[in-house]
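As written, the chains take the letters A, B, C and D, and residue 1 is the first residue of each chain.
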Amino acid sequence: MKALRKTRAARGLSLETAAVPAIGSADVLVRVKAASICGTDLHIYGWDRWSQGRIKPPVTLGHEFCGVVERVGDEVQAVESGDFVSAEMHVNCGHCHQCRVGEAHICPNVKIIGIDQDGAFAELVKIPASNIIRLDPAIPERYAAILDPLGNAVHTVLAGQIAGQTALVTGCGPIGLMAIAVAKACGSSMVLATETNEHRRALAKKMGADAVLNPAAEDAVARILGETGGTGVDVLLEMSGNPTAIQQGFKALRAGGRASLLGIPTENVPLDLVNDVIFKGATVQGIYGRRMYETWVQMTALLKAGRLNLEPLFGERVKLEQFEDAFSKLQGGLAGKILMYPNGLG
Amino acid sequence: MKALRKTRAARGLSLETAAVPAIGSADVLVRVKAASICGTDLHIYGWDRWSQGRIKPPVTLGHEFCGVVERVGDEVQAVESGDFVSAEMHVNCGHCHQCRVGEAHICPNVKIIGIDQDGAFAELVKIPASNIIRLDPAIPERYAAILDPLGNAVHTVLAGQIAGQTALVTGCGPIGLMAIAVAKACGSSMVLATETNEHRRALAKKMGADAVLNPAAEDAVARILGETGGTGVDVLLEMSGNPTAIQQGFKALRAGGRASLLGIPTENVPLDLVNDVIFKGATVQGIYGRRMYETWVQMTALLKAGRLNLEPLFGERVKLEQFEDAFSKLQGGLAGKILMYPNGLG
Amino acid sequence: MKALRKTRAARGLSLETAAVPAIGSADVLVRVKAASICGTDLHIYGWDRWSQGRIKPPVTLGHEFCGVVERVGDEVQAVESGDFVSAEMHVNCGHCHQCRVGEAHICPNVKIIGIDQDGAFAELVKIPASNIIRLDPAIPERYAAILDPLGNAVHTVLAGQIAGQTALVTGCGPIGLMAIAVAKACGSSMVLATETNEHRRALAKKMGADAVLNPAAEDAVARILGETGGTGVDVLLEMSGNPTAIQQGFKALRAGGRASLLGIPTENVPLDLVNDVIFKGATVQGIYGRRMYETWVQMTALLKAGRLNLEPLFGERVKLEQFEDAFSKLQGGLAGKILMYPNGLG
Amino acid sequence: MKALRKTRAARGLSLETAAVPAIGSADVLVRVKAASICGTDLHIYGWDRWSQGRIKPPVTLGHEFCGVVERVGDEVQAVESGDFVSAEMHVNCGHCHQCRVGEAHICPNVKIIGIDQDGAFAELVKIPASNIIRLDPAIPERYAAILDPLGNAVHTVLAGQIAGQTALVTGCGPIGLMAIAVAKACGSSMVLATETNEHRRALAKKMGADAVLNPAAEDAVARILGETGGTGVDVLLEMSGNPTAIQQGFKALRAGGRASLLGIPTENVPLDLVNDVIFKGATVQGIYGRRMYETWVQMTALLKAGRLNLEPLFGERVKLEQFEDAFSKLQGGLAGKILMYPNGLG
């Protein structure tokens, strides 16, 4: 079968012919319909420092996808051939402290399919049955292909109260954009966003943001305080990983507010803990992955009900063979999601 | 000034001329713009057993209203003449256990303006400054007049998770109808409703319910289980007080679900505690009033943001002099809200 | 091997010779050190209506136990031969809604080892590796044998706030007695208990209750209100299943309090929902089993730290052959736990 | 009357003769029995930069105290002459966003008695009735004099789950020491502490810490990971404000853990947000003051029940006239609390 793989410790990927994965008794083999490229895939393509420490070539990439079940292992009962599915690609160990207390999404022994094991940029992918998510046919295929990052957004937004709350999204990459839509759908009374990239600001408006600020061109903190009657926002949804955006986000947060951090800074961030966290009585949450599997239940319920309009996010649909072009466009800063179709555009 | 009062221990109300209330140093005098008739007012008009035990005539009724501040006491700083306001009419004691632990809405020493003290069915009403809610001019006057029952609905819906959750509203009187709109606005993935009255079922559809069932004509529990894939609803919002509806609601609730009870049964309700609560691991919440003042903040934020369409609820606008006609229509089963204008229809 | 089994649909149990269980690749075979008799075992012995509907003879009973791992299946990694263990005997399905949202303890497809499958009243018992709990050697063997009911108590007490709270335990059977110790260890400021049986009242005092009332001899509600300055208790831990005790418990609960219900009534219970739940703004929780596996983590941490003194609970230690005598004593109303040693008293 | 005052913008305090405060209709006049010196009082004595920006001389210091009600204003009903009381000295505005949503303890308009207004280092002190806490006579006078800092400790410990949890207290000043006792009383399974001062380490052991580490002499993070089986602690209670201690605390926190920060760093703290918060899925809470008045209810319930042994904290009892000696000893690093008796040692 065709597979897009990291075959050696260097920049780039290559389209290879690979063996169909052999499945165990508790596994599911899925024929990939559509797969989406994540920022992490760009890092691995570029072979940055993080990739060099984590990736062990050869490995097939791809951890955002949907498909149809081809075949299931002997002990698999809850899934069957022909099911329309996606999957949680973080495979937890099941026996560490975190797994035991219901926090499997932060299992320290996690293995990620498409990072640590062969993933979904291929005609077929092997997934443990426990991680398969059966999808209602009402959920469009293109939406089903991006549930992994949508789950990040849903996990972040719903990590605390959002109904009747004002929110600030700092950083309007794909997950930030999704967070805008999720926050609005879940009753946020005002969603503000900050983003320096003009194209992304335009997308943020389309996703439903009430106001989108360019922190490079105006005093974003002052503006946000103004929009909230001087109080500050109830919720900060940090999606940029940018130290300045993080610091501004904290300044714009109201006393007693919630700061949910998903964006990944590349260095230590000096925080004014006294004024921005302690005296404010703020709650800061580190957000990683998606709750297993509560977030999946929430997000598929919202999608099935048609509560999320993610149309502005979708860019091109391409065949797996066109990967170089797709990666190139994303490296150029495109905020949307490009979907690859390993089994043809159908 | 004109005031609609209970002057004696018998059926009926009378329009009287009353003295303008004298205000203390921490009080606010409000000129009433619009006041809405509550089901409780109907009970007092009819002089039922509850009313006979609670009401001490003479007293001016009216606890749902909005208006404009006429005058404030010497020590009042956060409110001033001309402010557009409504008020929480439950006045808590401030020093009991419940007040001390942040549960003032269930203060056992509560006094209710319009029940225990002179209320808002009058040209002017006296309110402690602490209970005044300043309103954004973006909130329409007719919405501002029904914040008391809307607060009941918001308190009930937001007493637990609602985003991405399926909900069942049992009973589509005004507060049940409002709860439908609130649940949808706050991300509920499916809102089902039950109601035996045809007119109210039609209103429930207009408020956004995904399906409205007539439990007198079909097996509502079976239908709800079917709509939820056999699981049952995540959230029961009980608005009827009807024992059969309560029992059906519990049967339709999923294991692990939340039942929030606002409707007032008139007798003991036999509950299948084992199967409906204990084995289900259900959470049952008694809901009373509105959280002081968290619910007010949430609901005014939703209204200011235009997230709630309550238009189907509104019926006639009448002068205070037309009260007999208004009470008569509501006693006939009208689900909407009739607004009275003590200072004229303007 | 020896096994205590229900072999036919009638009263009684019989000590049989049974085959050693064959284990699958994900299973663990445990040599039983000590097993404890549950009230449910008494029901099955007596072959009551519930047993007749649930039990399919032949089956080996026993779901409270500890032991040492004899052998593990091929894929088992987190457990090994020689480990000192107990187990969660509720085996969840893993794919229903409840399992997916982190509520596996109320999985509607649960199978219980010792009820639906062969259990621990035998020399050896087969358990899925996922359900094995490895125990610190600091936990005494007799404590390790009663983690199942202790988990019920811990789950109930810690289902909400307990530190600095007053609590009422209604019903002082083994789990009620354990709940007293757990509540005190976790910072309850006052634990009151009600129980009609004199022997159990004495045990309740030994477990640390601040006052133990006999509701047959005094007005328990009045007394509890008196002990709490007229406010009522913050937390009701209902362990009796007795309708009168439940009703009294609700009357003694403060407005805004929590009622956690574990006891199993045998019929519908008429509740004064208006005064005891709705106007009170109470929260009522159905409690079933133990959270998987958060409760196990909490309880083993408390035990390892020596925070729970359960000594008053322990009665005789007997060989499996002496089961008739043990069951007979428990049927006579003994509140303590009798431990059986299938592999000898050692 | 005698009063210990800051009379000018310079180092030092002076014992003055001051007028008895005039009380308003909602105020209470309290005869001070015992008052305790806070670290903040040392800063004001020393006239550091913070003091220079905040304090407006002349003002009487003192915000930790207990006493007996001397006289109440006309409208005061819940307190009367002769009551044994303490008080929350943070006076909130009542109408800001935070006050409205139940977070009065972080009201941005707060005024602190003993900082912004005349305090309790005097024979008599004026307090708004709302802020008076009536105390059970079972609470010892010396405990009643330190409820303000004890409330900080209780607020910090009970800001999340503590029963069955491992905890690390970084910094064993008075509040850190109190936090050890509170955590143990509320069911923490293991309390570790770090502190460089030998005397304070000895006190930490007396307060009940299971192990007390000297981070200047050993690798505290490695040791804590070792004590927790490599997992890290469930809860970090940060009491030092020391950047290194904060960083070590985060490294020792388990994935999914809670970090509650009360200590006040004097500069920005560089945090490894990615590894210590985001990937860990940690929750970080800023803690300020005491919840009004939930913390008071919790702490007085614990004290009345005799659940907290704070004896090791108490140092000398002195007359107000001996203030120079008391301040001098505390400036020397004494961890205990010195109580001053403005009306004599009695």
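The definition used in the following text is that a residue touches a chain if its C-beta (ideal position, glycine included) is under 8 Å from a C-beta of that chain, and two chains touch if they have at least 3 such contacts.
Computed from a predicted model, the values in this text were never measured in an experiment.
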item	value
Required minimum of steps from chain B to chain D, each step between chains that touch	1
C-D or A-D - the one linked by more C-beta pairs in contact	A-D
Chain A and chain D: spacing of chain centres that average the CA atoms, whole Å	42
Centre-to-centre distance between chain D and chain C (centres being mean Cα positions), rounded to whole Å	40
Multi-chain contact sites of chain A, meaning residues that touch two or more partners	97, 101, 297
Partner chain B, residues of chain C touching it in the complex	96-98, 101, 103, 105-106, 108, 229, 231, 246, 254-256, 261-262, 264-265, 268-274, 277-288
Touching residues on chain C, where the partner in the complex is chain D	154, 158, 162-166, 185-187, 189-190, 297-299, 301-302, 304-305, 307
Chain B-facing residues of chain D, complex	25, 77-78, 93-95, 97, 100-102, 130, 291, 293-294, 296-297
